[in-house]
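Everything on this sheet refers to the single structure shown next.
Chain nomenclature is as follows: A, B, C, D, E and F, assigned in order of appearance, with residue numbering initiated at 1 for each chain independently.
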Amino acid sequence: MIPPWSDIVRHALMQDLGRGDLTTNILVPAKQKAEAVLIAREDLVACGLPVVAEVFRQLDERIRMLPEKPDGSGVCAGNTICTLTGPARGILTGERVALNFFQNLSAVATQTRRFVEKVEGLPVRIVDTRKTTPGLGPLQKYAVRIGGGNNHRQGLDDGVLVKENHLALAGGVREAVKRLRETVSHLMRIEVECETLEQVREALEEGVEAILLDNMDLETMRRAVAIAGGKALLEASGNVTLANVREVAETGVDLISVGALTHSAGSVDVSLRVTV
Amino acid sequence: MIPPWSDIVRHALMQDLGRGDLTTNILVPAKQKAEAVLIAREDLVACGLPVVAEVFRQLDERIRMLPEKPDGSGVCAGNTICTLTGPARGILTGERVALNFFQNLSAVATQTRRFVEKVEGLPVRIVDTRKTTPGLGPLQKYAVRIGGGNNHRQGLDDGVLVKENHLALAGGVREAVKRLRETVSHLMRIEVECETLEQVREALEEGVEAILLDNMDLETMRRAVAIAGGKALLEASGNVTLANVREVAETGVDLISVGALTHSAGSVDVSLRVTV
Amino acid sequence: MIPPWSDIVRHALMQDLGRGDLTTNILVPAKQKAEAVLIAREDLVACGLPVVAEVFRQLDERIRMLPEKPDGSGVCAGNTICTLTGPARGILTGERVALNFFQNLSAVATQTRRFVEKVEGLPVRIVDTRKTTPGLGPLQKYAVRIGGGNNHRQGLDDGVLVKENHLALAGGVREAVKRLRETVSHLMRIEVECETLEQVREALEEGVEAILLDNMDLETMRRAVAIAGGKALLEASGNVTLANVREVAETGVDLISVGALTHSAGSVDVSLRVTV
Amino acid sequence: MIPPWSDIVRHALMQDLGRGDLTTNILVPAKQKAEAVLIAREDLVACGLPVVAEVFRQLDERIRMLPEKPDGSGVCAGNTICTLTGPARGILTGERVALNFFQNLSAVATQTRRFVEKVEGLPVRIVDTRKTTPGLGPLQKYAVRIGGGNNHRQGLDDGVLVKENHLALAGGVREAVKRLRETVSHLMRIEVECETLEQVREALEEGVEAILLDNMDLETMRRAVAIAGGKALLEASGNVTLANVREVAETGVDLISVGALTHSAGSVDVSLRVTV
Amino acid sequence: MIPPWSDIVRHALMQDLGRGDLTTNILVPAKQKAEAVLIAREDLVACGLPVVAEVFRQLDERIRMLPEKPDGSGVCAGNTICTLTGPARGILTGERVALNFFQNLSAVATQTRRFVEKVEGLPVRIVDTRKTTPGLGPLQKYAVRIGGGNNHRQGLDDGVLVKENHLALAGGVREAVKRLRETVSHLMRIEVECETLEQVREALEEGVEAILLDNMDLETMRRAVAIAGGKALLEASGNVTLANVREVAETGVDLISVGALTHSAGSVDVSLRVTV
Amino acid sequence: MIPPWSDIVRHALMQDLGRGDLTTNILVPAKQKAEAVLIAREDLVACGLPVVAEVFRQLDERIRMLPEKPDGSGVCAGNTICTLTGPARGILTGERVALNFFQNLSAVATQTRRFVEKVEGLPVRIVDTRKTTPGLGPLQKYAVRIGGGNNHRQGLDDGVLVKENHLALAGGVREAVKRLRETVSHLMRIEVECETLEQVREALEEGVEAILLDNMDLETMRRAVAIAGGKALLEASGNVTLANVREVAETGVDLISVGALTHSAGSVDVSLRVTV
């Protein structure tokens, strides 16, 4: 399959290398070999090893990456994640770019794992949003899956989600859903973002398959669950944190979307050390 | 000048749009106009308005962006950052991508401003590192400047920084600096990363122009400043936080580099609301 | 919006022009102006005028295209479809490429219109397939809509259609649908291709939202409609022609997919003539 | 040699796959192997096997294609054209794109073969035109050769063909040919499109190497052959069909160009079936 | 028409600018305007002004270029070639790249003009070869035309020139020409490279349209002219200099090809000076 | 490492090949093998073998290149530089492009070697300038190093060189250097172009690290060396030839920049001959 990150890696390398790694090329002979390890500096869920491999492959096809903790493994601080062997130049040159990818993706997977663990045992899915870092969208959605979450839409073109601004411009829930039914592919479901219980009832009458409950409090969500009675999927959205995610899940909603999975995951601490 | 973010914006739009914004294209007529505002949901330093403008320009050249708080302005929660007017389709379609850029860049600028304010009055520069989000490097370095920081190298090709791994492979400070002097352009300065005061002394004897003090405690840094006596620029690096940055600055170093400016800035809260 | 055909047009021009139109560049002075018309040589449904405009725009921005019969109009043999004015070189150079696009897209729209007219008055949709000419997929799907048809999936990534080969590899309808439900986005419906009424029943029990009736005869389709009882959308597929499409529609299916809309539409007869 | 269809295949796959084959990736494990065959569903001349191989190679380098009927073979309905073995995912994912190419190219080769057989024994060449499907030009010209035809120009830059519109703008045959002789490379021949015998005479007097007889009836073509007396190649063009091509050939022209070879070849019926 | 040098200019600018002109951007305010002139420092034939304009257009669309001596003009040392006005930054930044193009193209045009003047009055054409600077081929061939020369082939794909190595591999002149006649487009002429008069006779018997006389002395060329008797174009090639070109022309050949027009033209002396 | 010349080679091949080498493809069977040698026709310093290898690798991966005289070797007229073995088609097709690169790069290396030999024994470096052939910059800078020279800046973005026009616009040496110190990275040195000894003194007072002595006579340069007293690197520039380079070096300057290394190196005589 066409590796989806090949171009992203190439761009990142081009931006960082420019005309080449001046320092390394002068100091390290072309023939020198090295071995290096990626080490976790805090507890984390590993994610991004295939991207790390691609970074080094593009720099020098002779560099080998041996994973010790494949994507999805929990890794404790101090443990080795993978080993790299091959020409020393490529290993030194690619260090920063490889870490930039791996640290962000592992942060997303780690953060997702925490949310998923909080709702363990309840019939609910943790889903991501489109609030991804520009350029890293597909990779971060992969990290969400690695962390145990599910993906909402991949982009604007593979799902119909009618948002507040759409409703304002289209003249309300009823009118919007009618227009969509006429043209949308018969393989698509329709989801509508609702701010009030009245909107929820209107959406149910129009037979939408999913309803996004926008920034509702716990009590209102409970009532929405009762009103829907299983006739549509309900998605809680807005201000969900590790502290309140279990309460939200206990209202009976089917999905909980969390923007923070991707947009505020930050970076976990990982380092690359030359061992030989 | 060739706008450096044109391609980055195009890639982000392509990833998010795929074959187009299904929902908007069905619900909103091509001729409908709209007005929308970008609103700060927390206190922040604005950064990224030219990128926001470029996102909407690529979607529809008729969309106009009127900045109210130009890049670098402090904005209080609830205030309007800019106004968008033009075809409604383009405004709805571009919302998420524009916010993804703006929220990250403003987070970088806001974070940088906090560090800069902490060291006010001291003769020290806050500088960034190459720990940027892949693909966003040049934009994040711009955000650092907007926040009042300075840029270290842009990439591997415009400065010589000899790091620990280089020293290990090249056989020590003396040998490394000698080799570099022979080949590096006469317009470049040489900086060496040191972990011990012994290395600092060795570097000074070789006449390097800058020394990176790697993860030293405050006392060791103070002694490095005394040893250097102004003969080389000193850069503090490693574990610098808002809590300790002023103490680090007071040791007398010339530069303090902070990876967190770019790699953990996260995202500030901003929303786009259709007003007409 | 990013014009989806800009790259397709560029490639077609590059293939045809190579280093430029030798004949025209020698014979026609750069400053000479011309006017030309696109004329229908048979009855047709016009489709592709924006692509024609793009072809000439890429060759010379000063060429203006005035549509007389916009996309979707029925045009009788002998009538003018649009007028082109501007530098003569660009008009002569772009003739063949512009016609190649317009003749194919109008053939698709014309063919689709014929099918749609055959089923007038019945509650059924004519839909296309992925059997498009390589490289022209999105344009031909646009032509289907212009002709009054609907689009099935745009590609493999925006809808779930379980085909015979999938069933063979996944171990039957039940097993396949179960695996899909676990991972597919909650905004997607599932369609299964069935060759027997037994498979239809199995699919209905699994609650799939749509069933493709693969190469069934009229009587079997009628019984499938009775079995489904409105609980899933039924799509007739295979060997549908202008001669039998109405009979197929009268079985009560909801959708009829016709590969011939795109893969055998051929080319309608249109010519470009310089008038001044 | 740079494979000329590598980019065309990549574009077709990107258009069809988008973010990947949702159905297959969920249903078929990455490690599952499969065998499949391409089967002719009507009599045809095979063409496009290297493109089929390239489609699957780009999806997964481990897929092997074993041709049974190489390009140019006559294949009877029901016979196997080639066998594919390797990872099942890639085989299912590439099916439609591979067939789209192969069905069109084989249709062109089959159509060409029919024309060539009609004129067997006569000293005449069947040649194509530039009326190709946008994006498929080079491949369709290859299919024409496989079917036993010859190629006219590849594009606007490798041959001089003065058409009616050129004559109108350049002031007639004489003037046009003179201007061309002055600048055109000494390795090019000049062909002029003539609608009347008078134009044919004028072109002969100017010493052109080839004359295109545009839409002339059989009798006029015979007289043109007599007038030319072997001093220039004559090319019959316009309204040539399988029904009249032999009569046209018997007028004594040297070349017969047939737009229908490429622009209306349509698609022959071929299917891919998983056998293991 | 697609400007053929747009990409070449873009590449040259990208290579030279990288991330921008450090020095200029710091020292010259964005709003500062300037005027500058291109001045000839030796006598030359001007060539490349549209490329100069494109260089500055890509840097800043507001820069205007006013030609004083259009391409093809003879310019004396000290004279102004064109004037540039607009933002000072763009003018300083583009100086080196613009001059690199202009100095090389004018050198080619100047060199060509010298050869053309040497053979004035004789019925012979000075033609170039494919010995161009990699990347500059089309521009240098334009410069040859500006200087009064003619172009041989543009590339390997628009003319048939059978060279010595081809003959060695194909089994001689007769065999080579026969195979070519069977497949080559009827719009192409065939030229054969001959080292002996025997080969010239063989080529004439096969009816080739042109013969390249490879490194023959003056006497042998004269005899080749006599043998050919006007039945084929003769091209002298090899070791032609300004000193001997007239003698070569007087042998009666039709074309003289000179590799030095492009591969050793070097660079004429031109400078850019800011005047305001 | 990403080979820096891969794209340059691809462009050169595309420009020369277009749709392929017509002649070779018809005359030489695909399976025919050949052996060929690159032979020096004059004394030279070899440079460009990796580029030659890349040219043939892109045409046919089976072609092997065996270097006999690696880059940097002195080669006498008549000697073999490398041997090529593999499919005959690729070898014939790539001949001209490979030679175009090799002849220019070897000319640069040969020319540089001559300058370097002239100053043997003196503590001075021969450096290049940005006066490179558009598109070949990085390769020519590589050739300079192969010839024993050093590189000045790679481009406008990796060094600060304040030129005469900058000084005119910035208000003199003092003002310019001050503004630069405020913003330039602490890893950069500053060089100023001076035309008078007064400017030299001013620059020294501002503590610049390097001074370019622009077109000064030998006596003035000697005085500049005395004034500088080792406090800044001095670079002689302007009108340096093989005839006077040693005298210039003897003034005591540290660097001598020679534009002619790259912009007028021309082309050394090399040929490719098929041996089997």
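In this text, a contact is a pair of C-beta atoms (placed from the backbone, for glycine too) under 8 Å apart; a residue touches a chain by one contact, two chains touch by 3 or more.
All values reported here derive from a predicted model rather than from experimental measurement.
Q: Based on mean C-alpha positions, I'd like to know which chain lies farthest from chain D.
A: Farthest by centroid: B.
Q: If you tally the C-beta contacts, which comes out ahead, A-C or A-B?
A: Comparing A-C with A-B, the pair joined by more C-beta contacts is A-B.
Q: Round to the nearest whole Å and give the separation of the Cα centres of chain A and chain B.
A: The separation of the two C-alpha centroids amounts to 23 Å.
Q: Taking each chain's centre as the mean position of its Cα atoms, how many Å separate chain B from chain D?
A: 54
Q: Between chain B and chain C, tell me the centre distance in angstrom, where each centre is the average of that chain's C-alpha atoms.
A: Chain centroid spacing, chain B to chain C, equals 47 Å.
Q: Give me the residue numbers in chain B that touch at least two other chains, ranges are fine.
A: In chain B, the residues touching two or more other chains are 17-20, 93, 138, 154-155, 157-161, 183.
Q: Within their complex, state which residues of chain B touch chain F.
A: 150-154, 157-161, 183, 185-191, 209-210, 233, 235, 254-255
Q: Going by the contact rule at the top, pick out the chain C residues touching chain D in the complex.
A: 8-9, 11-12, 15-24, 26-28, 32, 34, 88, 92-93, 95-97, 99-101, 103-104, 130-138, 154-163, 165-166, 168-170, 176, 179-180, 183-184, 188, 263-264, 266-267, 273-274
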